[in-house]
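Structure incoming, see below.
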Amino acid sequence: MSTYGSLFRVTTYGESHCASVGAIIDGCPPGLQLTEQDIQVQLTRRRPGQSNLTTPRNEKDQVHIQSGIEHGVTLGTPIGLLVKNEDQRPHDYSETDLYPRPSHADYTYLQKYGIKASSGGGRSSARETIGRVAAGAIAERYLKQVYGVEIVAFVSSVGKIHLPFTTGPSSDDQDNDDIGDAVSPEFLKLISTITREEVDKQPTRCPHPETAERMTQATKDAQDSIGGTVTCVIRNVPGGLGEPVFDKFEAKLGHAMLSIPATKAFEIGSGFRGTEVPGSKHNDPFIARDGGKLGTGTNWSGGVQGGITNSEDIYFRIGFKSPATISQAQQTAQYDGTPGTLAARGRHDPCVVPRAVPIVEAMAAIVVMDQLLIQNARKTAASLLPPVTTLPPTMILPPGAK
Amino acid sequence: MSTYGSLFRVTTYGESHCASVGAIIDGCPPGLQLTEQDIQVQLTRRRPGQSNLTTPRNEKDQVHIQSGIEHGVTLGTPIGLLVKNEDQRPHDYSETDLYPRPSHADYTYLQKYGIKASSGGGRSSARETIGRVAAGAIAERYLKQVYGVEIVAFVSSVGKIHLPFTTGPSSDDQDNDDIGDAVSPEFLKLISTITREEVDKQPTRCPHPETAERMTQATKDAQDSIGGTVTCVIRNVPGGLGEPVFDKFEAKLGHAMLSIPATKAFEIGSGFRGTEVPGSKHNDPFIARDGGKLGTGTNWSGGVQGGITNSEDIYFRIGFKSPATISQAQQTAQYDGTPGTLAARGRHDPCVVPRAVPIVEAMAAIVVMDQLLIQNARKTAASLLPPVTTLPPTMILPPGAK
Amino acid sequence: MSTYGSLFRVTTYGESHCASVGAIIDGCPPGLQLTEQDIQVQLTRRRPGQSNLTTPRNEKDQVHIQSGIEHGVTLGTPIGLLVKNEDQRPHDYSETDLYPRPSHADYTYLQKYGIKASSGGGRSSARETIGRVAAGAIAERYLKQVYGVEIVAFVSSVGKIHLPFTTGPSSDDQDNDDIGDAVSPEFLKLISTITREEVDKQPTRCPHPETAERMTQATKDAQDSIGGTVTCVIRNVPGGLGEPVFDKFEAKLGHAMLSIPATKAFEIGSGFRGTEVPGSKHNDPFIARDGGKLGTGTNWSGGVQGGITNSEDIYFRIGFKSPATISQAQQTAQYDGTPGTLAARGRHDPCVVPRAVPIVEAMAAIVVMDQLLIQNARKTAASLLPPVTTLPPTMILPPGAK
Amino acid sequence: MSTYGSLFRVTTYGESHCASVGAIIDGCPPGLQLTEQDIQVQLTRRRPGQSNLTTPRNEKDQVHIQSGIEHGVTLGTPIGLLVKNEDQRPHDYSETDLYPRPSHADYTYLQKYGIKASSGGGRSSARETIGRVAAGAIAERYLKQVYGVEIVAFVSSVGKIHLPFTTGPSSDDQDNDDIGDAVSPEFLKLISTITREEVDKQPTRCPHPETAERMTQATKDAQDSIGGTVTCVIRNVPGGLGEPVFDKFEAKLGHAMLSIPATKAFEIGSGFRGTEVPGSKHNDPFIARDGGKLGTGTNWSGGVQGGITNSEDIYFRIGFKSPATISQAQQTAQYDGTPGTLAARGRHDPCVVPRAVPIVEAMAAIVVMDQLLIQNARKTAASLLPPVTTLPPTMILPPGAK
């Protein structure tokens, strides 16, 4: 369905060529100061044509808040918002409509609904993500203000061009006895310090100028398309989030990320590479932090252990396939099975990964917000009970730990 | 929470040392013939000590159906089931209890609940998966009987030892201009034919004898532990499953897989490797199959496009980290921050990936079953409407397509 | 939360003085022909000032469909819709704002959110029901087209003036040994034949001209207010709807009705009066209908038995309290406890029950639609299983029954 | 489905003749001291044969906790529990099986599932309520310990015999200009003081000895059956519970109550009678309570305004129809339509209302607990935001109010 979340709940609507796309955000805490501009910032970041970020403020995709806010403060009631579509005419018929576009959603939407929007995949349109980005901006504003949560995503690869030091040696180099580091110190430093400002300095949103330049060169072929990966870090998330057993934090996060169009892969912490590292190295030993709080000396876990956040940085990576729309001709078949050749018309973005960055951030914010509210409910309820004195001391959080 | 699914709904309970672990499965279609033995088969496959599969039938972990079935037929009402725990005494206190075990759930459970089971991570226990496996066996029985759905998981890597031909050249070989195949023909042949019988021939459940042998050697170090990956294929799933936009098929599948203990990564179809393949190659062209039905000539998509199944084989891979429990001493800290050394007592399984195989299959079955029921509701409702004759023909599933 | 339903899901937003009120309807079957006018009809019926129904078409509360429909046909994707608010300025401050209005939601909204809309009770505004009515109109259109479902609500009492023959003798007449009929033949005839056209002939929407006239007289006192009851019948609902055990049909229906503003009571079938009737009379014996289908000779059950519909007419009654806004002065207290006198300004509707009629119909349609989709999922799934031949014949629906 | 609640979630299983009935309670706050005996008390109160409450402790329906508790303290993880069925053999076939029992669930279960338990209505069995009562006992224990919540239900009518002063003059006495009190002072006094001990003094659980005696006489006819009403009060519930708009407190409460077998009616506060009382009288004026807290001088609202609790006593009434099982012969039809006569065998309880008392209390506790956790989540989240200083003072809860 088009709803995500249980206590912070986002419901979206809209196709490419209908009147508007929008969302209802239910469960935002009351008393949060919020303006349309707070939301607009991230919406503008997801607009096409971000390559020159010094252009005048983009007037498109303006968000209109419908409800839930008065005098710039949230009421706790549902926040309705919408962004008008510019092109509201249904798509004109052409011969290409005889073809389901390869690796698009045309055919599967027909299998699912028996009908599809004239423009193609309907809700698989990139415009659908506008509602997510808006909702995420609201969640993020709360999280930042109350917990200092920082969420920063960036492009970590385009095609075969990878940000260096994001991963260790190849998993395929099977004769190499040196297992290497799945998580390098440079990478950990990067995720602990990176900001959105730095990310946006590069049109490709890869925070490593040389790699960014190589990425720009690699995506100049307008006839073809290429995929990539986005890495995201969430800092300052309180420990204790994530619901055993089916709604572990990484399960909810993976769910949210894999609901973004064109995603095919998700990993948290050391991810696939970590599977090759023995426990003696992969385990994150505990250390005492300032103030007596326990932390972990390494962070192969990516901030989540047993499905529950442990206050360390949460980092994860998402794989986006190459866009399905390409200008060169493709051999394929029509709906009725007739073989033929299909070529997309018009201009197409050969690489969408940079635009995915604010969408990833938005979904991350929504997941954290929802889990936080659920955990707050439990924690508040438990805190009101009289202390239990009859248990073995190791069953209770000791005074020294927090 | 401990519930998964909307129309096929699984709720589980149980820790390591309580009276029993169990589940309530709600929403099983009525009229399905089902015995305890149908469930027991998969429960036995997840038992420890599977390495010698010729040993007499294991009498442990016997499932007891409580309700929802009469005369061997499901009533459509909730199926309650339980498996008794053998060791029901709370864990004895020892000095090791002063330490949160590194990369275990001891510490995060305390952060979450302020209390934890004496035995450690409570619901993060591997015994929690018994309820999943039982529920999955029920879902699978329905799916097999009605749709011929086949779900087979197998071990595709242990540490750095990978089943050959599962993936293409290294993503790190950045100077190699040849992008290669993320999806090799050998791999596609394997997933289209593999059976559970073949998988179980090897103690490691890797269906490639030479690789399996290398895996066995690699996991003989009882002092350390190692992770691995499981690959799973689901064959004969009808097209049209998966709910845009937040509950795309791969999002639900990823959620389910990442809720299995020790998982850190998930990819579907070409996954992370596919991000390096240009659209001109990665797109799956349509072809006419026997009977006029459309199929795709390649299957980089992994059976899902736009978040909706397209009737092709669904295949995906899950990364499991190395087990946190190791015998060798680890430098870490006590709950109160005191540094010290911790070593696990007793025997521990250095590699749990083979035992994860039936758990992966179970979660896959649960996801397909739930999505199928939701899509059935829509499809039945739509099929009862009078045909629409006023739409452009390309908006409606044409007679030639199915 | 502001969402109702599981497969047919309605989410609403909007207060009195924000930009618009609206809804997202998710799960509408694809292929349904639907126009704004289909929705507008019921929206217009809920407008204030319905007393002279011969006035020119009301131009207010025009619905604007945002998505989910192309060429007048539903796509199966979320239908976004909105109705603009005319008065979008926050309410001006006045001395009356020092008072929480008695039996309004001002005070409880503050207790809940710590903040409230300047206009008062925020989402408790009657305008919130616009989204429900619109969603209900969509559900109803489907139900009517496919199953011939007819939903008709009418005013059965205003204050002490009751439609005759709706109920039997007083429950308080405790010395009367004659228990009487809770369900009179006249009443059953009324609910089996009543139409919306007949209901709308009377400004009070009571389909009994004499009683309607008395009701009109009784509500002329503009200084005070009065409550009433609405009775609703749903005809031609298929048997088998309603989910044991917590989501029995009457439980879902009661939930939906008691979520309408100002409701305080709900009863189905013989209701409270039926509690006084012995089982020998209250039981509905089975009879064979035309075509061999079983029916019940009486219908004290109100079309629901064991929480599941049985194909008979479903009828129920809802009690609405008198509106809290009255012109006469009330002794009460300010937020800070200072005693004082409060009188509402402006014109107020002394009796809102007639306007509640389309809202009741809408919620009824939404409940039936959602339950129908859930039951369709089960029924379709069960129908695909091979027939079971090993059961005692009385455990299976026999060929003669349907 | 068989699950109730969102944060405090109860899932039940079990029919009459299966191995056991049970429940999983998920979301219980960690750190609550809880034993089987705490649960057993209410289970024993729902047992048949309560008429002589001085009999030795009933050894039947013993609850067995499976998980979620160690050393008598809840872990915050799911609490599994079960109660064994004594008669686990499927029902023997007899000629009466040819008949769907009138006003039972036999026929509707067949319509729904196409199959039914041999014993009849399957989950409509009274034994299904065991899981509810157990779950309610857990919720109640928390609520009592932390908030001092008191929940007391009692029988307010059996057939035509009503507890005096529960309601005002007849609504049917339409010529009587005196509208009377729907809520009498005697009634309000009763609900503010009644305890379970007082209720249990009477076998009929009507806390008015004379009326109780009349009820006992009235239910002596073992050949027939009779219904009745249960009234329940919940004291000390914090204000602010209930979720606008679809999950208003009374909507959730009504849902829960109408899910109890044999219920046909629900009303809160002044209920149906209140619809006859003008606003000038029905409105509950505010008064200052000790400590400056606002309260209401009257309580026609029944503790809920705008769908949100206001800290006053919550009281409501539920109507139970007469039991469908009666000994006298009934003219009815077989499944295949053949007319015939059916008479129940064995002993049957002619009036089940006294046994419904603990079930009503349990469902009330579950509803309050779930709403409380949801509201706690919001309240905690809002409390962490910096205070808003830019709003008109009447939009914010003033310091004087609480």
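In this document, chain identifiers A, B, C and D correspond to the written order of the chains, with residue numbering beginning at 1 in each.
Everything that follows uses one rule, which is that a contact is a pair of C-beta atoms (placed from the backbone, for glycine too) under 8 Å apart; a residue touches a chain by one contact, two chains touch by 3 or more.
Nothing here was measured: the structure is a model prediction, and the numbers come from that model.
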item: Shared chain contacts [chain A and chain B, defined touch]; value: C, D
item: Chain located farthest away, centre of chain B as origin (C-alpha); value: C
item: Mean-CA-position distance for chain C and chain A (Å); value: 40
item: Whole-Å gap between the CA centroids of chain B and chain C; value: 44
item: Inter-centroid spacing, chain D versus chain C (mean Cα positions, whole Å); value: 23
item: Where chain D touches two or more other chains at once, by residue number; value: 1-3, 12, 27, 30-31, 70-71, 73, 76-77, 112-118, 122-123, 244, 378-379, 382, 388, 391-392, 395
item: Chain B-touching residues of chain D, taken from the complex the two chains share; value: 1-3, 9, 11-15, 17-22, 24, 26-27, 30-31, 64-71, 73, 75-80, 82, 90, 112-118, 122-123
item: Residues of chain C touching chain B in the complex; value: 6-7, 27, 29-33, 70-73, 76-77, 142, 145-146, 244, 372-374, 376-382, 384-388, 390-392, 395
